[in-house]
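In structure tokens below, several structures.
What follows is a pair of complexes built around chain A, which joins chain B in one and chain C in the other.
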Partner chain A sequence: MTGRVARLVASDAVGALIVVLAAVAIGVAVVALLSDEPAAAVDAMLTGPFDGRYQIGSTLARATPFIFTGAALALSFRVGVFNLGAEGQLYLGAAAGTAVAIRIDLAGPLTIVLATVAGALAGAAWAAIPGALRAYAGANEIVMTLMLNFVAILFVGWLLSGPLADPARVGFPQSESIPDDGRLPRLLEPSNLHLGFVIACVGCLVLHVALTRTSWGLGLRLSGENAEFATYVGLRPERSMLVGMLCSGAAAGMGGIVHILGDQLRLLDGFSASYGFIGILIALLVRNNLLLVPVAAVFYSWVISGAQVMEETTDVPREVVSVVQGVLFLLVTATAVTTYLRRRSTPQSAQTLDPVGAA
Partner chain B sequence: MSHATTPLAELSAITKVYPNGVVALRGVDLRLRAGEIHALLGENGAGKSTLVKVLFGLEEPSDGVVRIRGHERASHRPADAIAAGIGMVHQHFQLIPSLSVAENLVLGDEPTRRGMLDRAAARRLCIDLGERHGIHLDPDARVGGLAVGDKQRLEILKALRTGADVLILDEPTAVLNPHETERLLETARSLTMNGTGIVLITHKLKEVMAIADVVTVLRGGQIVAHVDRADTTIDELAVAMVGRDVNRPTPDRERMPGDIVLEITGARTSGPGRGRLRGVDLALRSGEILGVAGVEGNGQDDLIEVVAGLRPLAAGDVTIDGETLRRRSPRERRRAGVAHIAADRMTRGAALHASVADNFVADRFSRRPFSRRGWLRRRAIDAAARDAVDRFDIRTDSVQTGVASLSGGNIQKVVVARELDGVPRVVLAAHPTRGVDLGAMARIHEELIAARDRGAAVVVVSSELDELRQVADRIVVLSEGAIVASFDEPTDATDEELGRAMAGAAA
Partner chain C sequence: MSELLTTAFLIAALRAAAPILIAAMGSVVTERVGVPNIGVEGMMLAGSFTAVVVAIEVGNAWVATGAAALVGTMLALVLGFVTVRWGADAIVAGFAINVFAAGFTVLLLSEIYGSKGSLVRPDISVLPVIELPVADVPILGAVAGQNIMVWVAAALVGVSWALLFQTRFGVHVRAVGEDPDAARAVGIPVRLTQYRALAFGGFTAGLAGAGLAIGYLSSFTRDMTAGRGFIALAAALFGGRHPLGAAGAALLFGAAEAAGNRLQGQGIPSQFVLMLPYLVTAVALAAISVRRTVAERRSLTRVEAA
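And now, the complex of A and B:
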């Protein structure tokens, strides 16, 4: 790693760390106030998620979908489009991959590869609609991607009560379970940590390298930074927007199917715990630095897991986690979004703004 | 201390270290008295803008004290500065492109009626104020579509509107033509009659000699000279700025034009206002520099943009080496050898949050030697960028630095360095020396001439008539989107002749 990359990672990391520490501190304070045995509750919340093999595995497993959606969002922000449709892309990716895994009978690993590719393609295809309209018709991708989420989620719900429904189902809309050789290997038995976590981390690394080390990536980044400049120097910012949206959708779609193949083992209606939306938070938290996305995702998972452990072992309800979430959202959006929007709406005053990283 | 001698503003021992470790100012003192015009000079990156940003409250000093009318200022916020009667025209525009001229003018302190923006009042204000200061702008025009000179004039109007008694003007004349500059300086003079104190930053020493009372020269963040204007000369100031003698090279005026490279025939564009082309014919030979004069907003932008491919032609044609460009994208035109120094470095000419190196190779990073098989070759990119930094004397601590943290003039040099690298076939240079210091200006002129000598056809648009006379082999005047005068000998193009043509009278 060159000194420059190290510095960049460091400055993004410091910014994220401050936000994280503030949010956790407030969470701890709330817990301490609510609990009759504050020391035990705080301890459960903070150390519980890493207490032993099983807890560590669960925490990392829980982080996996957030890595995918965090990467999807970070990527889209870097190329200057707002993909708020990761949730829908995730659902469609999961559905397409599941269909492949249960319908096509292939030898083990090949099923996994094919299903994952199908998931990525479905996510990309769903993102292509707002991507193309944004790039070539100037439509507002924020509204479009948000609306398409509903369509995707309802469509998957319909699939699960029709074409993809489990013939043996007992009422709840769900698919058949994934055949054994279509499942991603588990890593830390008995926890549900699976190979998807590694795939996600490697994926972030690959995307990071592609963005920073290849001419393809530089073109995307320059287009995302200033489309007028990009056109002027002979780049094609419209194409970059579309490509960025496709890649972002693919990452989200892949996140969906990997979650099914590794964790849920069957497609369920409404299976996502807002993965697509939490991805926004994660991307903003690390200022779209792909190398830090896995770290932020694990942090987020730590918070939720901590709340769960706390609820199981002490008198504090897990809802405390929403306090931490709320604080995180506030802190992150207050800093990141305002900077982004100001840059977007008044490029002419860019000089007076903090260059990213100097805040 | 009697009231009369209390300075309007006093900066004492100001030191400013930017978060990235750049020390922009070291122990600088500045005192502004009522009714005084205080010129602030220095090379690009000397710290001028930083100093006035400290005064205005945009940048917090790392050390030192700011006193306004004798009172030490505790807070460093522009809002407090404005409340304390300080107005500022920034080096780079602070306008909202999607709003109209009148709306931008009143932004921050809008006249209202029943809680709503009173548009009629805003328009009236725009017209009245413009009348008073000789700055005529269409109140309803969308700011995004204005030429840079008009944006600059709007900024000045905005600052005048506040009625501030400390007025900071950071390079207000960089894109104004001589006539507009004169008007602005007159306005400044008359304001000082009422006791306004003005800090004027400029690279044009003539203006300083014409109007300033005192002059402070910065170099490398320190004061190197502080004199009364009456006791100094242009040459002395130039030496103080650079730290050595500046000999302006007289460029080689030998003309060896070759074949016609760029040909524009019957070019028309559509759009509102005076800025659209109404039938322009031009032929430019290899090894020739064409100077384009004219009041800002009379078709210069469109002329450049129809060649660069950034604006469609409504009628007519543009060819390079006999081949039409009509259906060619900006990308293909660049491939065909069109280089373009954009008029606005902040919105178009540079990617502010990308590094100097990435900006430098932005139009060619996907080709050798900067990439191989899709992989960027950082070493080649950085080496080329460092060469450019040396060649144009760009003041930056490294080529990895984000362009946003360079001084205005140094950003300009990044843009010019990128565009004049290699062997362009056609060079479109819009205000190529906007905001650069004397040394850099000479450098850029040399490089433009060198590009010409390598066989390029060069178009230079400038509001500086001296500049046009100095580099151009031929000058045309644009007025209301048409060529109204043409001078085959630039020396024939006197200020008067040009002024007459620019005003619209056929020459």
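And now, the complex of A and C:
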């Protein structure tokens, strides 16, 4: 069993590695084309993010929200729903958690715990709407979640112009800063790496165990892979779908508030760097393998951190990342072919153990 | 509330609805063929960007519109290639198109024009307005001075209907969407049909992007489509994947956008006003799904009772 799992992790990792190398190679080629000093630009992009204690800490800190949204998406793909609403769930989680941290006066770490729980609940609640409509009314969750993103982001914008606005800086769409008690401890000063990174990695491990080692997880995965069979063995796939969506929303919401409590220290309008959407890429890159989600997130952070270092030190704009992003996405979707072939060549009974999700 | 239903409001609603409607017609066809085109948002954005750039560089709005439609079509063919040929997931691949278009337009914007936000040129060549002598007629006055894109949108409803229900291609599209294996068995070229349907989807999305950028507005701003592609997709679904239904839905969503613009500066926080089209779209989709499910349950219990 252990050997089998190790082999599957290895094959996921190898597949992801090929995609990553190809995308980075194309990125390097584009940079070399655009820059007047290609060698310096490429060097800044590739080595900048790990150049010293400060840069390493920043790169890991930047990866943290992507771990949460990557896990959120991997989870939703596993149960066979497309949660393209992680972006909105992240915003609402951040807002609910910030409200708790600012408004409720608690001693010490209790503030952090309560704010994080509030964030997770808000994310889950927002995901419950498309989740329930998908599971019980067959509504198109893709368009639904995309629409709800706009609603959530605008709603948070309103919160920051009214109920949650910083009284000291009227007119700026931002909240008061999080009180010291509510801040997550920093791990690698002077960088902004915070405890949230560890929480995210442990969270992925816990989710992985829950999904692969418990009957609850088996039920969820079974419903996602073969709803008909799940019904036949007495499971309720609709319920699994909703539960999966709730967990996915909770992970996204938690990612939002952890980013605020650890990194930004106050809620800002439009703070997300497309965390919810890039979560799709993270999840697909490692074929919904939760154990590998942190690795993919750090990789992605390396790419965007590299682009930022490059923009600061050379003449290449950071939007070059978009090319790498697009190529990554397309290559990741292309690897679906190998998934498809592998599925076909695997006997029926082994399919349920394959950690390859709906994608 | 009554001032919402003036001719001025109808004019604004039609203007706002036109890009959504145009892209919705393509979405009806792609939904019918069974390859959902989530990439419609990115194709539209790429179309907007292309239209503005070509309008500036060439100085001809018609050439710009053609180029936008061409770019949309090409992106759709890329999507077709990875999904139809490689068997990739259409949703994810479509999303890849969106991510790519969002970033790539900004990259080109900064590389060509040195701007990271927007591209506004007052002297840009835009699509013409068609003046009709009905400005003073009630209701009809709404179409008196509309941009040609509104008329293109109206014509596309007819074109899409004819395409789907009066041509051999339409029969193929519907057959492939219903059951690709059965379609293949009777000799319908499944992949070719999917490619052609997607190409139509990309063509309309690019056209819609041009309508938005050099018809509705006359500038390009990063992410300027702001979910209109997704709303077009929602219109296709809400309209029962039928051109007429989708057109009605697009008008509804366009009216929501126009109502939002109208309500601005009337004491309602701007965020809620901007929320309106997305909220209306989400509620509409939810309502129709619930209604369909309830109806199905009812007919089921009737069968069981009988």
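Here is the rule we use: the second predicted complex is superposed on the first by the 331 of 359 C-alpha atoms of A that agree within 3 Å, B and C clash if a C-alpha of one lies under 4 Å from a C-alpha of the other, contacts with A are read in each partner's own complex, and residues count from 1 in each chain.
Here is the rule we go by: a residue touches a chain if its C-beta (ideal position, glycine included) is under 8 Å from a C-beta of that chain, and two chains touch if they have at least 3 such contacts.
Note that the coordinates shown come from a computational prediction; the quantities given were computed from them, not determined experimentally.
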First (chain B), second (chain C), both or neither touched by A:233: first
First, second, both or neither for A:196, with chain B first and chain C second: neither
Which of chain B and chain C A:225 touches, first, second, both or neither: first
Contact breadth on chain A, by residue count: chain C or chain B: C
Partner chain in contact with A:215 - chain B first, chain C second, else both or neither: first
Partner chain(s) touched by A:93 [first = chain B, second = chain C, both, neither]: neither
Which superposed partner A:70 touches (first chain B, second chain C, both, neither): neither
Chain C-contacting residues of chain A that also contact chain B: none
Residues of chain A touching chain C in the complex: 34, 82, 84, 129, 133, 136-140, 142-144, 146-148, 150-151, 154-155, 157-158, 161-162, 274, 277, 280-281, 284, 317, 319-323, 325-326, 329-330, 332-334, 336-337, 340, 359
Of all residues in chain A, those that touch chain B in their complex: 4, 213-219, 221-222, 225-226, 228-236, 345-353, 355-356, 358
For the chain C and chain A complex, residues of the former touching the latter: 36, 38, 78, 82-83, 86-89, 91-93, 95-97, 99-100, 102-104, 106-107, 110-111, 116, 226-227, 230-231, 233-234, 237, 269, 271-272, 274-275, 278-279, 281-282, 285-286, 289-290, 292-293
Chain A partner contacts - residues on chain B that touch it in the complex: 19-20, 58, 90-98, 308, 310, 330-331, 333-335, 340, 342, 346-354, 358, 362-363, 365-366, 370-371, 374-376, 400, 402, 404-405, 408
